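Below is one structure, written out as structure tokens, with a few remarks after it.
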Amino acid sequence: QQVEKKDLKLAVGGKPLLYYLPLTVAERLGYFKEAGLNVEINDFGGGAKSLQALVGGSADIVTGAFDHTVQMQAKGQPITAVALLGRYPGIVLAAVNKAGTIKSIKELKGKKIGVTAPGSSTNFMVNYLLTQHGMTPEDVSFIGVGGGPSAVAAVKRGEIDAIANLDPVISQLEADGDVSTIADTRTEKGTLDTYGGPYPAAVLYTTPAFIKENPKTTQALVDVFVRTLKWLDQAKTEDVLKVLPPEYFLGNQTLYAQAFEHSKPTYSPDGRFSQEGAEAAYKVLKAFDKAVAATDIDLSKTYTNAYVEDSLKRIK
Amino acid sequence: MAVARVKRLPSRPVILLLQVAVLIGFFLIWHVLTATKILSPFFFGTPLAVLERTWSDFASGVIWYHLGITLLETALAFVIGTVAGIAFGFWFARAPLVSIVFDPYIKAVNALPRVVLAPIFALWLGLGIWSKVALGVTLVFFIVFFNVYQGVKEVSPVVLANAKMLGASNRHLFRHVYLPSALSWVFSSLHTAVGFAMVGAVVGEYLGSAAGLGYRIHQAEGVFDTVGVFSGMLVLTIFVVVIDAVVTVIEKRLLHWRPQEAQTTNAQG
Amino acid sequence: MAVARVKRLPSRPVILLLQVAVLIGFFLIWHVLTATKILSPFFFGTPLAVLERTWSDFASGVIWYHLGITLLETALAFVIGTVAGIAFGFWFARAPLVSIVFDPYIKAVNALPRVVLAPIFALWLGLGIWSKVALGVTLVFFIVFFNVYQGVKEVSPVVLANAKMLGASNRHLFRHVYLPSALSWVFSSLHTAVGFAMVGAVVGEYLGSAAGLGYRIHQAEGVFDTVGVFSGMLVLTIFVVVIDAVVTVIEKRLLHWRPQEAQTTNAQG
Amino acid sequence: MSDSAAVAAALRTEGADKAALRLDGVTCTFPSPDGRGQTYTAVQGVTLSVAAGEFVSIVGPTGSGKSTILNVAAGLLAPSAGRALTFGEPVDGINPHAGYMFQADALMPWKSALENVAAGLEFRGVPRREAEERARPWLARVGLDRFGDRYPHQLSGGMRKRVALAQTLIVDPKIVLMDEPFSALDIQTRQLMENELLDLWSADRKSVVFITHDLEEAISMSDRVLVLSAGPGARLIGEYRVDLERPRDVAEIRMTPRFLDLHREIWGQLREEVLKGYAQTKLK
Amino acid sequence: MSDSAAVAAALRTEGADKAALRLDGVTCTFPSPDGRGQTYTAVQGVTLSVAAGEFVSIVGPTGSGKSTILNVAAGLLAPSAGRALTFGEPVDGINPHAGYMFQADALMPWKSALENVAAGLEFRGVPRREAEERARPWLARVGLDRFGDRYPHQLSGGMRKRVALAQTLIVDPKIVLMDEPFSALDIQTRQLMENELLDLWSADRKSVVFITHDLEEAISMSDRVLVLSAGPGARLIGEYRVDLERPRDVAEIRMTPRFLDLHREIWGQLREEVLKGYAQTKLK
């Protein structure tokens, strides 16, 4: 079939992150090309920047956090998620061993907690956990440590008492024995324990206007990702490593493999959204994002399963 | 020596008025553009909201703590970078062998993107203010360094020879010849450096910290609070202008010997 | 005028040798420190691995495309920033009213953290090279601007008056007096500016792009590939040193009139 | 002209309209070094007029205000009171009819000797190559034709002065202002230059205002010698018409009795002034 | 001393060891303007010696190399060949016994007149306040005591020269090198300054090397007058001992017959040199 727009600009905030692995796999497997799409992947310093690129019109489509769809509705800039890539957030809260023994969330009171960035989903995750345990975010102090080597550096220096971060930072720290896990949302159980429901993580989103003008293109994109997710679901670790660009594990291949295995359950097997997942995310955001709290959000506008369902009909 | 009659500048209050007019004009254009949606308020906020937020931040006092940290970092970065820049600039200018051997490396280091070095700074200096200061210093240092280096080389050879004949030691030459002669270079670089010290501090905070204006801006950006971002930048710029004014005052005092375009007074006596 | 006998510098090859020695010394220290784990190879890589990677990147040719993009951005940022800086510097220096009214705003803009502005640049200029160029320009511009502004003000009043009496128009004054006189200021700022143009390009890529050295560094950092990060920086610095050498050659040609420390030759004839 | 018709009329009756240069009650008060506090009045109420084709010298004690007067005439300095007119027009900004040879080094350091001499022509739109061709004979005229490619810092003090001389004269100004042009030259070169200048001057009768400390030079060159009093508040206190025949040879004319008379007369007045000025400032 | 014993012995027999200043076959060749191509030899094989307490003048055509010789004596310029000795020691770097009054403006523009005069004392460790106290009478001596707070650009050309004079002399150097110190002064001020200098000199018998274009000045001040030939490759071509009695008054001594004889003699030689130099470069 003919797509309306062949040349697409896709934005992502941190392409090499395992969080966005389906994107890299789709690219490497050549699925975009097969779908007749010419996708230029622009990598940004963070999810917020890639979202801004979309809103500003310089990017057509984004792989980013589901949270953004809720937050943007509150800002009057509607965006819609069209495919779910990650069903669990993959955020891990861990205590830094060097800084003493923190075993439970209660003990976090008065401690310094490293998050990727203030106001990010790692921040919200800790906030939420704190309130669940009868504390407020003011009871701890948050330090933005980033999601790369700087986060590792902060832990190694013992500058923070606990860290909420993603892979590969967590796997690296675990491998070195620097941290012990307190809460782990890389698994279904951990996610349910933490958020009380499945919490949608990475999604493919774009503006309603784009969907309206380019329904076929949107469908083609969703097809690509559904195909990828199916492939991922079946793939073994070695297969995945073979597909990825070699630079990704030039640093340390075993570490990468380990991190991948940790993250594997987080990838959605089919790309479908669930209403309870959306509600879980809304609940968390409402508690800490003033703009979200102040607006009535229509969750049905934040995502659509229509394209995924259509894909699933064709892709086995 | 005398130079053509100067078109007299308007008096201080008039200039102030013009400056305020420019400011108001700027806010007005901003307002009109965002109100008519030519510029998207999502990206540019609206001036009224920004001013309001800035005001309430100051009124409630929350901003002071963050501002204090940022200013402290800025000041430290500025002072350390400037002193190091001046010291190395003089040293290099006076030690041609050192300068010629290290020249390419200095330039190479100047070209390293500091943002990438942030993890290393964090590793060495922790997440406190010092890693931000380090970032600022790496920006300030090179600007001052290159200008001082050049400034020293521009010293009038006759004046230099004269001071030497009068028995000036190296220390004296520095104090009485190189330093005053290079001062206008130093100050020219300081005007850029003040800004860069602030940029260094804020970017450092932005990349990882627990407080400071950069932290607040990052936080606001994380929740797509454009008004918060611009309000943070507004506060920043206000204070950089203040710091720069201080530099200018010092400059005026230290460079008062400089020949101005010759003028006669109109009032007699 | 004549100045004290210069300690003759060693000849070119000796200097080159010393420079190489410094380089080797640096790599050696790096090697020893990482080999003995005093510096963690996780954060600092190892020099051998970095060199090897750089070599293989060049050999396989993958780096050329990214390097080309970065160099293009750097060159554009450098040229646009420099030309704009010179033009505005001259304009401000020659239009005292404009300069005094806009002075605080120029300084304020200089203090804005560009990182925060990146989304706005992307909004206006798209995701291609131009948003990176814009970032570089905002760094280069101010450095050149302040130096040109100061340089023009430093013009010797007697020489200026003389040219005016000889009938020089404003255009002539610019070409024959202000420009040559300010040239050493311009070049001093260019040495810093080259580095900052590169920094701007790379940071722009680092913050969001689909190609370029900054993009590669970002990718490497995302997967903890320290060797890749340092290899990227190495390539960067090599090229900035090359560009700077070009600037220096031009500088030498344009400033050949400058009084050097007076020397006599030893060879007769 | 913004002045009242009465003043204009008054001037016209004095024939000032035809004067190449006229200073009218010029007073120059400088602000004090630190910008506040006491001001310093260098010259006070100086009125002088130089006819077209006239050669006028100004002598006076050092620091009295001779250069200041030239700066006003050149339009480089706006007087605190009084005004300057050139060919009947008020001088506002650079005096377009004047060439000025400065007392201090004023060559462009980034231009070679030849390029410095050619600069004035270039400013007048002569193509570079032609300008340099025309500059070459001028360099020869001041005895420097082998030094065209030297930069100013590679020239001796006297050579720089001679380049400045060629630079000023090549553009053929109607009024030539010269501030101690020959003081850095040895006597012989000086006389050669003086004769050069007289030759040029008599060829097309420029107006020349010439400052010198050498009274013999002043008398031997000029039609009129003006004596400035010691500062502060220097005034013109003497005017001597030099009625020696032209053309003159500066070396020979110094032996004539009329010259010696004039010299004695002016010298007497000058000496008094200097001693007065010196006494005012000298403590010991 | 790295020289061979033979040379050292030869010098000692000439009594050079006691000479305050001795130049020994000094040749100065400058690289050409563009750094390659032809070089320019300013002075060639200049040998001269100034005894302690002697007052020596050097005259010569403009651009011949007088300033170059002083630069070598001051240790500011290393000769291409030959060497400079001061009190028997080779001059390596700045000559520590010498004070140098430059031909060009050399005041520090960022210091006021008073501070400029005081600078030399400060460099010698005198506390700032005391240095300025001691500088004040020196300013008065050069007739500038009311101008202490002016910056150089606010002074007239002659005033700057006088500040430089005080600046050089206040530190009491054993050897004083002066490059056309009085050329920017009017005759009267000049004579006052000349007498000042002679007073100072006779009080503690410094060695003075004095460059001037005014032959009368040279003769009336010095014990010996040296004549430099025209460049390139200028050499010393004449040496005249001035056997006029001391103390002298510079104005009066010019009338004595011996003075006039000397003047005529030196002038003859000088004139020839200048014309030769001028002829070499002049085309027209």
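Read from first to last, the chains carry the letters A, B, C, D and E; within each, the first residue is number 1.
Heads up, the rule we're going with is that a contact is a pair of C-beta atoms (placed from the backbone, for glycine too) under 8 Å apart; a residue touches a chain by one contact, two chains touch by 3 or more.
It should be emphasised that the depicted structure is a prediction, and the values quoted were computed from it without experimental measurement.
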Chains touching both subunit A and subunit C: B
Farthest-lying chain, centroid of Cα atoms versus that of subunit E: A
Pair of chains with maximal C-beta contact number: B-C
Chain centre separation (subunit A, subunit D; CA means) in Å: 82
Distance from the mean Cα position of subunit E to that of subunit D, given in whole angstrom: 29
Centre distance in Å when subunit B and subunit C are each reduced to the mean of their C-alpha atoms: 18
Approximate Å spacing (C-alpha centroids) for the pair subunit C, subunit D: 48
Residue numbers of subunit D (touch at least two other chains): 30, 34, 76, 94, 102, 104-105, 112, 151, 153
Touching two or more other chains - residue numbers and ranges from subunit B: 1-4, 40, 43, 119-120, 123, 157-158, 161, 164, 221, 259, 262
Residue list for subunit A, restricted to those that touch at least two other chains: 52, 56, 148-149, 152-153, 156
Subunit E residues touching subunit B - in the complex, by the definition given at the top: 74, 76, 94, 96, 98-100, 102, 104-112, 119-120, 122-124, 151, 153, 164, 167-168, 171
Residue ranges of subunit A touching subunit B (in the complex, touch as defined): 48, 51-52, 55-56, 71-72, 75-77, 112, 117-120, 123, 141-146, 148-150, 152-154, 156-157, 159-160, 289-291
Sites on subunit E touched by subunit D in the complex: 30, 32-34, 59-67, 103-105, 112, 137, 140-141, 143-147, 149-151, 154-159, 162, 180, 183-190, 192, 213-215, 270-271, 274-275, 277-278, 281-284
Subunit B-touching residues of subunit C, taken from the complex the two chains share: 1-4, 6-7, 9-10, 15, 18-19, 22-23, 26, 43-44, 96-97, 100-102, 104-105, 107-116, 119-120, 123, 142-143, 146-147, 149-151, 154, 157-158, 160-161, 164, 184-185, 187-189, 191-192, 194-196, 198-199, 202-203, 206, 214, 217, 221, 229, 233, 236-238, 240-241, 244-245, 259, 261-262
Residues of subunit C that touch subunit D when the two form their complex: 1, 158-159, 161-169, 172, 176-177, 180-181, 183, 255, 257-259
